[in-house]
Amino acid sequence: MPEPWEPRIVAFFCNWCTYTAADLAGVSRMKYAPNTRVVRVMCSGRMDPQFVYDAFARGADGVLIGGCHPGDCHYIEGNYKALRRFRMIRRVLREMGIEEARCRLEWISAAEGEKVRRVVNEMVEEVRRLGPLDLPGRAAEWDEEVSAHA
Amino acid sequence: MEHRADEPRIGVYVCHCGSNIAGKVRVAAVAEAAALLPGVVVSRDSKYMCSDPGQEMIQQDIREHALNRIVVASCSPLLHEETFRKATERGGLNPYFFQMVNLREHDSWVHEDADAATEKAVDLVRAAVRRVRFHRALEKTEVPVHPDVLVVGGGIAGIHAALTLADAGKRVYLVEREPTIGGHMARFDKTFPTLDCAACILTPKMSSVKAHPNITLWTYSDVTSVSGYVGNFKVVVRRRPRYVREDLCVGCLECIDACVYKEGRVPDEFNAGLGKRKPIYIPFPQATPQVVVVDPASCIRVKTGKCKSTCVEACDRDAIVFDQKEEIREIEVGAIVVATGFETFDAARIPQYGLGVYDDVYTSLQVERMVNSSGPTLGEVRLKNGSTPRSIGIIHCVGSRDQKTNRWCSRVCCMYSLKLAHLLKEHTGAQVYNFYIDIRAAGKGYEEFFDRLREEGVNFIRGRVAEITDWTMTPEEEGRLVIRVEDTLAGFVRRIPVDMVVLAVGLEPAHDAQEVRRVLNIGCSNEGFFMERHPKLAPVETFTEGIFLAGCCQGPKDIPDTVAQAGAAAAAALALVDAGRVELEPNTACVVDEACSGCKTCVALCPYTAISHDRERGKAAVNGALCKGCGTCVAACPSGAIRQNLFEDDQIFGEIEGVLVHA
Amino acid sequence: MKPVRQTIKYEAERDPNFAREIAAIPGCENLPSCFQCGTCSAACLVSTFMDYTPRRVIALTRSGFKDEALRCQTIWLCTSCYACTVECPKEIQITNIMYALKQRAIREKVYPKGFSIPVLAQEFYKLVLKRGRSTESWLVIRLFWRTNILKILGMARLGLNLLRTGRMSFRADSIRQTRELQRLLEAAEAEKGMAK
Amino acid sequence: MRYAYYPGCSLKGTGKAYEESLLSVFRTLGVELHEIEDWNCCGATSYSSVHNSAAFALAARNLALAEPLRMDLVAPCAACYLVLEKTKRYIRNHPHLDERVRRGLQAAGLRYEGNVRVRHPLDVLVNDVGLDAVRAKVKRPLDGLAVAPYYGCQVVRPYSTFDHQTYPVLMDRLLEAAGAKVVRYPLKTKCCGGSLTGTQPDVGVRLAWFLIREAKKRGADVIATLCPLCHFNLDSYQDKIARTCEKVSVPTVYFTQLLGLAFGHSEKSLGLHRNIVSAHAALASRSLATAG
């Protein structure tokens, strides 16, 4: 019997704010959905759009990016760069037919463990409603179609 | 491309952390799954990886199994990454051939389902295994540390930190916003639980600050910007004009007598509004520096230019200069101690307690001044009508432990309320009632002080006061203030008439804590106090290396704790500047020349101007000393020509692949 | 002399689920946060007359001493003025908890005997169910019929005064759509799926 | 200005004078009220004591009836005002309750989408009509009349949508605009005894006594109320207070009656003749009594 589908969300958290907030959520023993896998980056400004595309291409159902609040970046303004890039990423995803809710950027300060819990839970539920994205599967189907036509 | 160690031979260590991880994650299963991953030579689980035997195990395995990559799956890297890097290094490997997995804060502690938590753990370990193969040997980078230290805030915390550092031979800049140092402590009468006089402890320290050859004291000044990095901060300080030359004024106070205002008109800040001062004033007799100050908001000369300026004439040293301008000073320091203190809760926010409505309702700070023999009433406790109170109610927890105001316990109010109860009883012989929710007397000699107060006949009523009212029911209540409270230990509601009410106001972050935090690039906890890096492991450090915390800016605390923390912050700053050099995380960026097209996209992006464009070679170049390792340029480079050490593209792609590929 | 009673409490006398059941009712969620400061009692004017102060009712409820909580007079003396609720530093909506206890006491028929308040509440409930509106005179008569017929004679003067000033009539007011209203109330009270 | 109007049971019975004075004051100020068709009892405090979701469904029927009118809903009775406001908030915030209420309404062929704003006349008078407009209509200022402003509980608590929940001031401002002298009255939001005056007179009547006694001590000629139950308790039990507590008496009037007097309306048209403790003498002493 195949296991029931569970959303898989790759989260990129900046070291100073959001990663620390997730640590705080842990220390506070807050409970949230186990569907995220955190990749630590020093700054949300390190977010290369390719990371997002790669995550989707490898089977992620959602991507969450967490950075410091505007004005609070440990590196002065990396989060603004992240915001600019995020807008572009979303445009590309839209072109690809990937729903907006699957990619989310959140400002979460080191003190906001509770926000980590809320955002993760919200996102897992939203993605669950959207269902599996399964880009690798779709890609395989397209390949088959293409080869059938060839 | 540099040489990469041959075939990866990876050791994976899954920590139980007692039951912290093993209680939810099936650690043995994780280790078994890891053993099957490509490149993994050794995979073990162990009770406590951070313990000596745990670290020893890593070192031994490196030697025995010729491991060249290490993955430890335990707690947050912010806690123990350094520990395991060192263990890796002791085993004979470059310490950066190590990757850490956070199974505790990010997994076992936050999930309820053991299957899901175990599955997540396996995913995270797989990601680390895939990532660590791309790690490379890195050189530690070291930078020199500037030996001077900046202390921001001149309360007891800042004073103690500054003196400690100065005594150790360091040059210290002490910057204080007010015209004098001393902070809140200078306004207290006695200190608990020993009842020694606050001024007797504090003022000698204030004088030492002024006299110390290693301390530069700048009062009436603000830190307006901080740039640079650990060991090498550039700080801009704005010195506001006090219209009095510090180098000339000797504090004779002739000018104050000569002011065109014959009486004080402005509520006196130092006396919490109980007295009045003139526009030219000295905050209190022992103010440090002993220099008067002109308040631009009330001085006619400053406001309109039209005044006889009798103060100027009265000064035989020509110290009063109305054309004084603000001065900007730039300094370089290696470390910063932040000791910006607190503010007290504004009790008018709780109208039920009648501050500002009824004459004889006071804040605790006002009462500190009232019982002080050099305060506005010269130590006399008198009601507004001139009589001595026969009964006094002290209300604890005003603005604290309340969802509608501040949720936290302010820690000091119980003890200072006991102290005020003692002092008020001593001064007036009145019946004193303390209304408390819980008495928090956890400190050396504190419980004994509480015992003493009960023996002295102070009444303790366990109940939070709902209201102070002049609604009277009985003849004895007429003309007095009635306190409505449940005596929760007796189990009924009481109405207690008193003549005077003292509101034990709680402690809050300073109103501009958020701005200060931005200037310093440090964090705040939810309630607005500055956040320490770790409550136990790094209690005076912040997330910005080289910046340390002391005193109530980090959270409410009493004087003994404040001084202890100030000492700790000074020691931490000293350890940094005394070493003379500091090791930086080698997570800097570097340009791969062959790939760089010289487009200059990165140059403008760098917030630290660490990237320059070499016109001759037509390539960008990163100055490793200036780069702080955010990685923004790496993500932006259209040719993928910039690499960030420890966060290389391959490493991150490896991690992404690892969490998504099902083994 | 009052008879001596045993006052010790055994764990078996506690209903361990009681607090959870009460806290599950909308508006009663913060029950567990109480730190027993007594602000509610002191803010309450009626606490002057209560057998247990509101704080103690909260303590009894939270500790599962259901019998004491449901049989006390306090819950029936609460006039729903919400002074406790707005003053509570833990934002416990004490008035709502009092309502929850009243509902439970009526359901379990354990309200204090000879106490007319719960009777009034039920008479009011029936009257509204029947006519959609309340008419004070009817209510008063029904109330005293059921509790103490002698008391009604003491009320005669007030009744006459109200009749004189045109503020009371013996004609019971009613809405037109009483049938619909009854269906509405029935459906809202019914557990899911049982609505007709 | 047009509003939907929910009078509630009391304004048709013991609180008739409140409705009479409210309508006449609103008419003068050009405020139109449209009484909603076939409204039912709000449930007051008693209904909540018996069944929770039914109490909310009962009140929600009125909201459902008012919603199609697309006007703010004015509820003068404090209990009605609170119950309607609370119902609105509870069905918005508690999905489980919302579902039950929805089911109930559906059984009666109704639906409520959450769009009714519940208002108290005090809120309307101060915030919509405005103190200046009130002042402009004053023909006979209440010069020298000392008024104890008594707000009672449920208009300001627990939601305090338009004034402070323990120390409200808007009625003070309104009565001052009509020329009255408002005395400082620390019991302005303390409980009047609610339904206890009837069910537990030994308790309820004493609470009313506290209020009257303090008003007297503060030199009030009259107590102004904005709730029919407060008015009933303070007006109807003064003989009992005299018998069992203390011989003290202060007439109690609706704030709308005072406004009406200032606007030049007659005592009778404002329902002042319905008081058990007549305010006529108190008004006459300040030359404010009207013929008839």
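Letters are used for the chains, namely A, B, C and D, taken in the order the chains are written, and counting of residues starts over at 1 for each.
Following the convention adopted for this analysis, a contact is a pair of C-beta atoms (placed from the backbone, for glycine too) under 8 Å apart; a residue touches a chain by one contact, two chains touch by 3 or more.
In this text, all values refer to a predicted model and were calculated from it rather than measured experimentally.
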Selected interface, A-B versus B-D, where C-beta contact pairs are more numerous: A-B
Centroid spacing, where centroids are CA-atom means, of subunit A and subunit D in whole angstrom: 54
Intercentroid distance (Cα basis), subunit D paired with subunit B, Å: 51
Geometric centre distance via CA averages, subunit B-subunit A, whole Å: 32
Length of the line joining the C-alpha centres of subunit B and subunit C, rounded to whole Å: 50
Contacts with 2+ other chains: residues of subunit C: 44, 48, 87
Touching two or more other chains - residue numbers and ranges from subunit A: none
In subunit D, residues with contacts to at least two other chains: 166, 210
Full enumeration of touching chain pairs: A-B, B-C, B-D, C-D
Subunit D to subunit B touching residues, read off their complex: 164, 166-167, 186-187, 210, 214
In the complex with subunit D, residue positions of subunit B that touch it: 351-352, 469-471, 473
Parts of subunit C lying in touch with subunit D, wherever the complex brings them together: 25-27, 44-46, 48-49, 77, 79-83, 85-87, 93, 95, 99-100, 102-103, 106, 115-118, 120-122, 124-125, 128, 132-136, 140, 143, 157-158, 161-162, 165-169, 173, 175-177, 180-181, 183-190, 192, 195-196
Subunit C residues touching subunit B - in the complex, by the definition given at the top: 35-44, 47-48, 52-53, 55-56, 87, 89-91
Residues of subunit D that touch subunit C when the two form their complex: 9-10, 12-17, 38-41, 43-54, 56-58, 61, 90, 93-94, 96-97, 99-101, 103-110, 152-154, 157-158, 160, 165-166, 189-191, 193-196, 198-200, 202-203, 206-207, 210, 236-237, 239, 273-276
